[in-house]
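First chain A sits with chain B, and in the next complex the same chain sits with chain C.
So, the complex of A and B:
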């Protein structure tokens, strides 16, 4: 959209000015930008602003009927930060995001490297890998809930059949394992995304570089370390940054698997915010916590982008 | 309680063993767009209802054939008696409240609105409903506890033609094999559950999930033990959690109960993996369809000691008249509602939906005609509404209750500590 608009604007500028009016061409230029700008303002700007104002209001179910939402200053933020579950939700969000991203990235990278070598059926296998991505999230969550079921789930059946465990693991029903299980499922869910992007990044690295490296003795790990990684850096940045943004706000998967339970063991900022708005009908609190999440995500992005810019300068 | 119920039944009729989306997952699906659309409509203005003077707009969540057909027919019949037709919108159960809030905000509330009873006070407190007495609706004949479930600040806002509750389903073959009678006291319950547990069969299944659904299953134990929602930091409330903890500790109930909804519980029972199950009549049709060979009966939920009353929570949907600003339409809606909740229609809907008529006399007729539901009629006669005492404070307390028993069952926290912490969190 923006590229087309820019290109058209460029064309408009260089075109012979029959009427010779600069103001007219500026209008045309803005005219091309307007639809995109309007769309962004309506569908992204409005909800964000609304969510921001909502977080300073006492916004309850009554507000919907009366339209009255008294301004309460920072009371919502104070309440949200004092919430006994907040610390746990914050820690869980951190663990969930970091471990998920690490797992997805390492496995995704390994698979992408594996598929770089062409072998019979590699195309078929690669497309099969996309399956988790194609399934609706609620379907995945429901299926995994059955797989992880303590008494008759196939994961426990399998593990005990091969003799790894002697008694069934309460995957989703113990506070020791529930977060691990949820992270595990999220890693499974995120692998296709990582594989697809990393694989296409790998395709763009010229084969000659490896051949040249081989002559200098750079094979295996050394080739990966000194040829693949540096050239893949831009793709890696995108994958990790998008990964963080996608993962930090995961809601449907956790709700589908555990609902934030048992005993808040898998409660994250996102699930808690959902709960405040749609279970407790306190939309002001929900909005405030949602904004806390947005700030955390922004912080992550800024830190990461800065680190990346520095690394790029050095490289 | 029946949004779990109706939808659960719908899915059930396909197959019991196919993984299916849970209520929470479906909730999540609508959550994100819901937030946006809720935020997006903040307009004001009056109006609502239907533009056409002879058409009544109705909103409910009866999506399963067993509910849908009889509700549609009954509504059409009573509407035609006052010269009206109906235009009905069925909403998925877990999206109803969000939809009502949207309609409330955009002033497009229907002429007749169905709500799950524990939600009534929340919606009534927002000013979106009118007291039924304003339109001269006669509520005599309704059992007081059922009226309570539709009452906000002393005024009746909603009427439930039929209601439901939960009781103890048991597998007659398994009990006979173990030489057991259905348990009536907590001691009998724990010993029977233990005796019935073997191999991959658990003695009992119940839902101790961290949602209102779990709290609803906890209430019969809490109330029968003398516990009360106005103060949950009592030994009586903790005692009920101790009973659940003992059942799980003994291995008589799976640790899985902490993540099971009521649909999961009845599936365990159907599959023969639980000898007893706490559940409701809305799942009977599914039970009969999916497990036609299973022999089962229903008993009253056991009480702490012989001779005490088994007090279960009252479930079911109430019908309300929203504040649309169209007085004439509201008056017509009131006439339709009055006819809709007549004892004859209660019997008709109760029969089709396996729910219990709200009128005391009709309930007795119903019990005689449907002996298989007699236990539920009895359990309903002593049942209590969840919001009767706390009103709009109920959701917070319900949440404190499930938070506490989850700590007991999952983290092994002492019940008295868990419930006194929960009470403290309510302030």
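So, the complex of A and C:
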């Protein structure tokens, strides 16, 4: 969201300077943005409006044959909120998002700090680290399913070989461990993204500050606490906000690993919304829950914007 | 001679000396070793995928730590089962990348270089668009596609998959074009070039790096897409490899070597681009978020 504010302000500032000679009729100029504007309207604007109206309609598989979708007021929302799975999915979404982001961020920061030190091959190693992020998520889900397999998965074999466990853990098939396993895989997936952004943020901090800090005796943790963290704050905000926004809507990974099961142990708002629309074929319910997801995403944006404004005020 | 060599070193302050020892060759070597170990741990799942794909018959009990007797059976079964899906994925991903560039580039240019009323609103919409959960879009698109006959079509998937590539490309290309000196475009216009010609023959060639970055990422987004494929296709006819892999996991639990061989093949574009287009990948990884 900083990006939004900054970009808008920047656009406002640069506009007068760019006026002047710029020739060409307004029609030509609008011609440049027309295709994008049309696409955004059809593929983002329309779905949001459609989702909103559908959430007040009885929109089921019958609708696709009859074309009739009667308005039912708030019935879909009532049904969705009363659905016993809803509370579970909401809690899971919270745990999944918070723990994933905490894990990704802490490990990502540690790796970014490590890679900031100069040593041979650091560039190559850093770019290899990107791989998990570039792979299709469903590929990662397939690989981890194989690693976490109860009877022959390498994780259980490793853990029992080193004597940590006595019997194999049913990672993805027990409702006690499934959410932990899914979060673990999601942390693995998110580390590269955190490393890349935090590393580029660290690169922007001038080396002289650390040299000056060293003279005043600020090294190690003190340097991190008093030089790195304050200067990295804007990047940290972007990383965490984007993290929440990406994590809250994760669907591929969960469907690929557990399908939301066992017994809804890994069901989130996103997977439940998918299930309602495309498994139970009740698009009204799916749309209502999808709107709950949008509201949660917006809520995080607002919290973030406020925190950011406060930080800016403090200077 | 010794004095001459020693002379420049003498004004080493204690601070510099500390810095030197922290960067001694031994330290650096140790860091490289540690870095290799870290990356090896992080990439172990990728290694394990390749290893499993080469295991004979996918019999899990005979899994070895190293594929000493590689067996390509998994790959031949994967290609037999998923070959058609791989072709579908390739067509859809190329289509989505081309569509993203065609739509995003002129818009990015306009946002960066023209005074247009509403351009800041448009930019805001682009940023917000990236935050909308895919399931919400899929939900509504399914109903629209159903009435338009776009379910189970390549075109339908290309259009839907570009939802990831277009906002991203607009932001990446715009960020580049912002830094592009306006004077060059203005000079071209004094020479009688219209906006269209200035864009086509001056701006585009100079912006090629940002176009490549945007194109690569739009391709990878579409290649990796699972949600749109899952919701907007219903049969076997049009089925990207991500979806093929998904149903493979469900039905082929016993034959892990062909599942993993499919996973390896589905990873190839990412791996190839990471190696061959490292510069562009690095630019895209940070550019989309921070700029």
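We take it that the second predicted complex is superposed on the first by the 275 of 315 C-alpha atoms of A that agree within 3 Å, B and C clash if a C-alpha of one lies under 4 Å from a C-alpha of the other, contacts with A are read in each partner's own complex, and residues count from 1 in each chain.
Just so we're on the same page, contacts are C-beta pairs under 8 Å (C-beta built on N, C-alpha and C of every residue); 3 or more make two chains touch, one makes a residue touch a chain.
All figures in this text were calculated on a predicted structure; none of them were measured in a lab.
Novice: If we overlay the two complexes on their shared chain A, which of chain B and chain C does A:33 touch? Say first, second, both or neither.
Specialist: Second partner only, chain C.
Novice: Look at A:279 in the shared chain and tell me whether it touches chain B only, chain C only, both, or neither; answer first, second, both or neither.
Specialist: In the superposition, A:279 contacts chain B only.
Novice: For A:174, is the partner it touches chain B (first), chain C (second), both, or none of the two (neither)?
Specialist: A:174: touches chain B, not chain C.
Novice: Touching A:143, do we find chain B (first), chain C (second), both, or neither?
Specialist: Both partners, chain B and chain C.
Novice: Considering only touches as defined above, state whether A:261 meets chain B (first), chain C (second), both or neither.
Specialist: first
Novice: Tell me which partner A:222 touches in the superposition: chain B (first), chain C (second), both or neither.
Specialist: neither
Novice: Touching A:91, do we find chain B (first), chain C (second), both, or neither?
Specialist: Touch partners of A:91: none, neither chain B nor chain C.
Novice: Looking at chain A, does chain C or chain B touch more of its residues?
Specialist: Touching more of chain A: C.
Novice: Looking at A:74 after the superposition, I want to know if it touches chain B, chain C, both of them or none. Which is it: first, second, both, neither?
Specialist: In the superposition, A:74 touches no partner, neither chain B nor chain C.
Novice: So, does A:129 touch the first partner chain B, the second partner chain C, both, or neither?
Specialist: Second partner only, chain C.
Novice: Which chain A residues come up in both lists, the one for chain B and the one for chain C?
Specialist: The answer is residues 46-47, 50-51, 54, 64, 137-139, 141-143, 145-146, 149, 151-152, 251-252, 255-256, 274, 277-278, 283 of chain A.
Novice: Of all residues in chain A, which touch chain B in the complex?
Specialist: Residue list for chain A touching chain B: 46-47, 50-51, 54, 60-67, 84, 137-139, 141-143, 145-146, 149-152, 170, 172-175, 251-252, 255-256, 258-265, 274, 277-281, 283.
Novice: So in the complex, the part of chain B that touches chain A is made up of which residues?
Specialist: The contact residues of chain B facing chain A are 19-22, 24-29, 31-32, 34-36, 38-40, 42, 44, 97-98, 101-102, 104-105, 122-123, 125-128, 200, 202, 209-212, 254-259, 273, 323, 395-396, 399, 403, 406-407, 409-411, 425.
Novice: What part of chain C is in contact with chain A in the complex they form?
Specialist: The touching residues are 15, 18, 23, 27-29, 31-32, 34-36, 38-39, 42-43, 45-46, 48-49, 52, 60-61, 63, 102-104, 106-107, 109-111, 113-116, 119-120, 122-144, 146, 159-160, 162-163, 166-167, 170, 178, 182, 186, 189-190, 194-196, 199, 220, 223-224, 226-227, 230-231, 242, 245-246, 248-249, 256, 259-260, 262-263, 266-267, 270-271, 273-274, 278, 281-282, 285-286, 289-291.
Novice: Taking the complex as given, what residues does chain A use to touch chain C?
Specialist: 1, 3-4, 7-8, 10-12, 14-19, 21-24, 28-33, 35-37, 39-40, 43-44, 46-48, 50-51, 54, 59, 64, 111, 114-115, 117-122, 125, 127-147, 149, 151-152, 154, 188, 191, 193, 196-197, 200-201, 211, 214-215, 235, 238-239, 242, 245, 248-249, 251-252, 255-256, 270, 273-274, 277-278, 283, 286-287, 290-291, 293-294, 297, 301
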